[in-house]
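Following this line, the structures themselves.
The same chain A turns up in both complexes below, where it pairs with chain B and then with chain C.
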Partner chain A sequence: MLLEVRDLHVEFHTRDGVAHAVNGVDYGVEAGETLAVLGESGSGKSVTAQAIMGILDMPPGRITAGEVLFKGQDLLKLKEKDRRRIRGAELAMIFQDALSALNPVLTVGDQLGEMFTVHRGMSRRDARARAVELMDRVRIPGAKERAGQYPHQFSGGMRQRIMIAMAMALEPALIIADEPTTALDVTVQAQVMDLLAELQREYRMGLVLITHDLGVVADVADRIAVMYAGRIVESAPVHDLYKAPAHPYTRGLLNSVPRLDRKGRELDAIKGLPPSLLHIPSGCPFHPRCPMVQDVCRTDVPPLYDVTESDADRGSACHFWRECLRG
Partner chain B sequence: MGRYVIRRLLQMIPVFIGATLLIFLMVNVMGDPVAGLCGERQCDPATAAQLKREFGLDKPVWRQYLTYMGNVFTGDFGTAFNGQKVTELMGTAFPVTIRLTVVAIVLEIVLGIALGVLTGLRRGRPVDTGVLLLTLVVISVPTFVTGLLLQLLLGVEWGWIKPSVSAYATVDELIVPGLVLASVSLAYVTRLTRTSLAENRRADYVRTAIAKGLPRRRVVVRHLLRNSLIPVVTFIGTDVGALMGGAIVTERIFNIHGVGYQLYQGILRQNTQTVVGFVTVLVLVFLAANLLVDLLYAVLDPRIRYA
Partner chain C sequence: MAEPILRVSGLVKHYPLTRGILFKKQVGAVKAVDGVDFRLDRGETLGIVGESGCGKSTVAKLLVSLERPTAGTIHYKGEDITSLSGKALKAVRRNIQMVFQDPYTSLNPRMTVGDIVGEPFDIHPEAAPKGDRRGRVRDLLDVVGLNPEYVNRYPHQFSGGQRQRIGIARGLALRPEIIVADEPVSALDVSVQAQVVNLMERLQAEFDLSYVFIAHDLSIVRHISDRVGVMYLGRIVETGTETEIYDHPTHPYTQALLSAVPVPDPQAREHRERIILAGDVPSPTNIPSGCRFRTRCFKARERCAVQVPALAVPAEFRSTSGPAAHESACHFAEDRTNQA
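Up next, the complex of A and B:
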């Protein structure tokens, strides 16, 4: 395993109490593999990513338990100095909104070149040349001239390409992309996603793709981890999951996607709202919204069961995964 | 950019005319300008009338203003009633005040920003609370109180400095007066830097900089500070003009013969030419400083374009 997150717990101390954002997340990514982490806002997918990267705001955030094994080494136990060397070089991140994630007062050439001057000790001139190469690589037209421009002078799609170039700069083993296409137009989304997938294949990087867009996932991901209330509720290879979800929440998500063959009919939405992280429901956190709810769901927290009826490596945190699988 | 500068320079003309006219009128209302010319006694009516004719004071105010402005444009700011050319007075006063202002600005930049960064990065800690309290005190106490207090303590009681500045007004003599002059602005710079820093600290681009694996120092200086100082620079820029004009109190306290001192004397002796001349130059300095700040703003923040 390239990256393995084990039993990660993150909480935030707020004025209203303790928000349990991540409650025992386990997931793993192999080299060259794409793991899609799927979930609604507040499901803990971004917080998990930030904890892996070591860019969580602490305080108010606090990692209370767990391990983040990267190439077998627990990142959470490393000194900040050693962690910093890994960040950006071996483990990179792409953010959602490139306009605010790029520094408005520095040229993109400087921001890209910084990776090489800081991590590789290159001269500013060499770094600039590498920055232009990178911009070429992510297919920004007129890279040489545009390296001297500022982020606001680029279109949304081009800016996200710059973010990708920045993450790619030192050819990291793993990239975490936090909703990389959410802020973009639909047509541009596809281009950016294709570029990311292409680069990932070429460099055999691991990719953690955080998203709430099921359409994006189907095309590029190898595996999917579905998160709810800070837990993984289902984990499966992408095709198995689409074919037959083993958790009522996944089923709800899949049913809520508009489909051409169901045109004119009412969309199935999941009833209710995601739980407040300050007061996570007892038992299975999904039980107040679950159409299959039984008494045991209100009291017993379901572990991530092995879905044994499938040959693939699957898991579901539902007491009734068998029933769910059968539909 | 060029067009913008030209437009701004043209806009200065009405501001300049308005400001000088206002001062001219105000000084005229102050009282009889020839009253002080005959020593302790009142001038006898015949002499007064003759003096007035000589100085053109019998003409209507608008004529006086036009004549004066005409002279100003040929570089003639008139003669003070003691016979000295106003330009001569300026030649001795401005270098002193400029030195004082430079000392004040440097203190403001160095101390203000350093304290702002210190507190901005340690919000809520004892250092932060302490400095914040101190700035509050400095802002609420008037300059003449701080000035007189420092003069009394440092100059008279402890003898660390000379209580009054010599005629040469060297830079080392001006450090304490400069500190007094800068004190309120310094406190504002500290607070502004602190707030701006704290605001930007949670910005996405700072998070990106950390995620890039940059050393903390680089994250703070190159990414965080570069963005946070934009409003601070604006403040300091406009303060240049304010400090030069605002030196009256400080110059009085430490007996510095600069612009403030001359202005004070001019007002006291109802010396129209001196007052209008000095204030005119101050208005120009203020306008120029403002234009410079606006141009600097575009350099610091590439998102701002002037057309």
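Up next, the complex of A and C:
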């Protein structure tokens, strides 16, 4: 296993109390595999990624328990100096908003080149040449001339390509992409996702794709982990999950998307709202919104059960996963 | 055909680009909306889709007279409202209300929900007698699915979905006939989007509303719309009924747009034919000659650079009555049937 997150807990100390953002997350990614982490805002998907990368703001954030094993080594136990060597070189991240992730006062070529001067000790001239190569690789037209331009001179799609180039620069083993195409238009989104998938195949990288878009997941993921209120509620290979979800939340998400055969009818919305992380409901955190709720759900936190009725390796944090699977 | 409730013809909005401080000189224009025509019938939903920068939000602002058009007309029940001012304009505005995209910035954080929803009555006092307002506001909150006890709360005490309901209640306050909704659900989480879409459909039936529903999410627009207009760089490039546009698009841009939408079905990914467009949308300050889509079009030929294609039913489909016979601004329109 390339990356393994075990029982990760993250909390934030706020004026209003302790927000439990991540409450025991487990997931793993193999080399060459794409894991989609699906969840709505506040589900803890981005905080988990920040903890893995070591870029969580502490304080107010605090990792209270858990391990992040990267190639067998627990990143959380490393000194900052050692983490910095891994970050960027072996483990890279692509952010949603490229405009705020890139430095506005440095040219794109300088920012890309910095990866090589800092991590590889290259001269500025060589680094610049590599930067242009990279921009070419992510298909930015006129790379040589555009390397001297600043981020604001690029369109949204082009900026996201630069982010990808920067993440790819040192050929890392794993990339975490946090909503990489959410800010982009559909036609540009398709270009960028294609590019990312192609580069991933070529370098056999592991990819953790954080998203809320069920369509993007279906297009590119091998496995899915669905998050709700800081927990993984369902984990499964993509085909199995879309065919028959084993958790009522996943089912609710899939049903709330408009589809052709539901034209003219009401959408099956999930009732209610996602919980506040300051006051996560007792028992199963989804129980106040769940159509299948029973008494036991209000008191007992469901573990991630093995879904034994399926050949695939899948899990569901629902006491009634059998019933849910049958539909 | 009966007079539509709203008829837009040749609508243009150019924002001048100037240079110099004292002696301002116009050096160009952002052609945000550059010749848009459509009609909206009573009780129907017209969906407008397009990517960012295509001018769809400017169209919304023009419809509710937040912006004045550079050229073109908007007829409301047969009356040209583009040149109205003062009392006459105010009267029309009462009937055309707007719901905004961002439920975080479109509500005044220092006003209570009751004041926000009741504010339209301050501007149009004839809509509700003074003593009656409190009750009306509570009714409105109830109608959009919020607890009427919340009238004294502030916007920050609500979630995104609830705030959008507040925005809808404000839009409904004056009992308008038309609601222009500019990306009303794009800022919301998937599970909450469906709730708000359902609410809007229920309200439409209950109050006999006509909607102009602007969004970039093609599947939501399909779900809610009767007719759809596809915008590109300030113009509608294709328009027709929901089935005509989604199942039989004839304009290459619509075809590419539809094929690029990720489908929530992993089975589809192997045998899906996608058209990946090259490049980005050109700047609206510098619109390509001829067909404005030609710089990204996979079908572009010489004629496209010279001749502007009109938005009309293409000649080859004119004699048929099939679903491909709808307006499409392309010289080389072709039916590309999409299997659902």
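Keep this in mind: the second predicted complex is superposed on the first by the 327 of 327 C-alpha atoms of A that agree within 3 Å, B and C clash if a C-alpha of one lies under 4 Å from a C-alpha of the other, contacts with A are read in each partner's own complex, and residues count from 1 in each chain.
As a convention for this text, a residue touches a chain if its C-beta (ideal position, glycine included) is under 8 Å from a C-beta of that chain, and two chains touch if they have at least 3 such contacts.
The structure displayed is predicted, hence computed values, not measured ones.
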{"item": "When chain B and chain C are modelled together on chain A, clash or fit", "value": "fit"}
{"item": "First, second, both or neither for A:53, with chain B first and chain C second", "value": "first"}
{"item": "Touching partner for A:253 - first (chain B), second (chain C), both, neither", "value": "second"}
{"item": "Comparing the two partners chain B and chain C, which touches a greater set of residues in chain A", "value": "C"}
{"item": "Partner chain in contact with A:104 - chain B first, chain C second, else both or neither", "value": "first"}
{"item": "Chain B versus chain C as contact partner of A:89, first or second or both or neither", "value": "first"}
{"item": "Chain B versus chain C as contact partner of A:33, first or second or both or neither", "value": "neither"}
{"item": "Distance of closest approach, chain C and chain B, by C-alpha atoms in Å", "value": "7"}
{"item": "Contact residues of chain A, present in both the chain B and the chain C interface", "value": "none"}
{"item": "For the chain A and chain B complex, residues of the former touching the latter", "value": "53, 55, 57, 84-89, 92-93, 95, 97, 100-106, 114-115, 118-119, 150, 152, 166"}
{"item": "Residues of chain B touching chain A in the complex", "value": "202-205, 207-215, 218, 222-223, 226-227, 230, 300-303"}
{"item": "For the chain A and chain C complex, residues of the former touching the latter", "value": "40-41, 155, 157-158, 185-191, 193-194, 212-221, 238-239, 242, 252-254, 256-260, 262-263, 266-271, 273-274"}
{"item": "Residue ranges of chain C touching chain A (in the complex, touch as defined)", "value": "51-52, 159, 161-162, 189-195, 197-198, 201, 216, 218-220, 222-223, 242, 256-257, 260-269, 274, 276-277, 280-281, 340"}
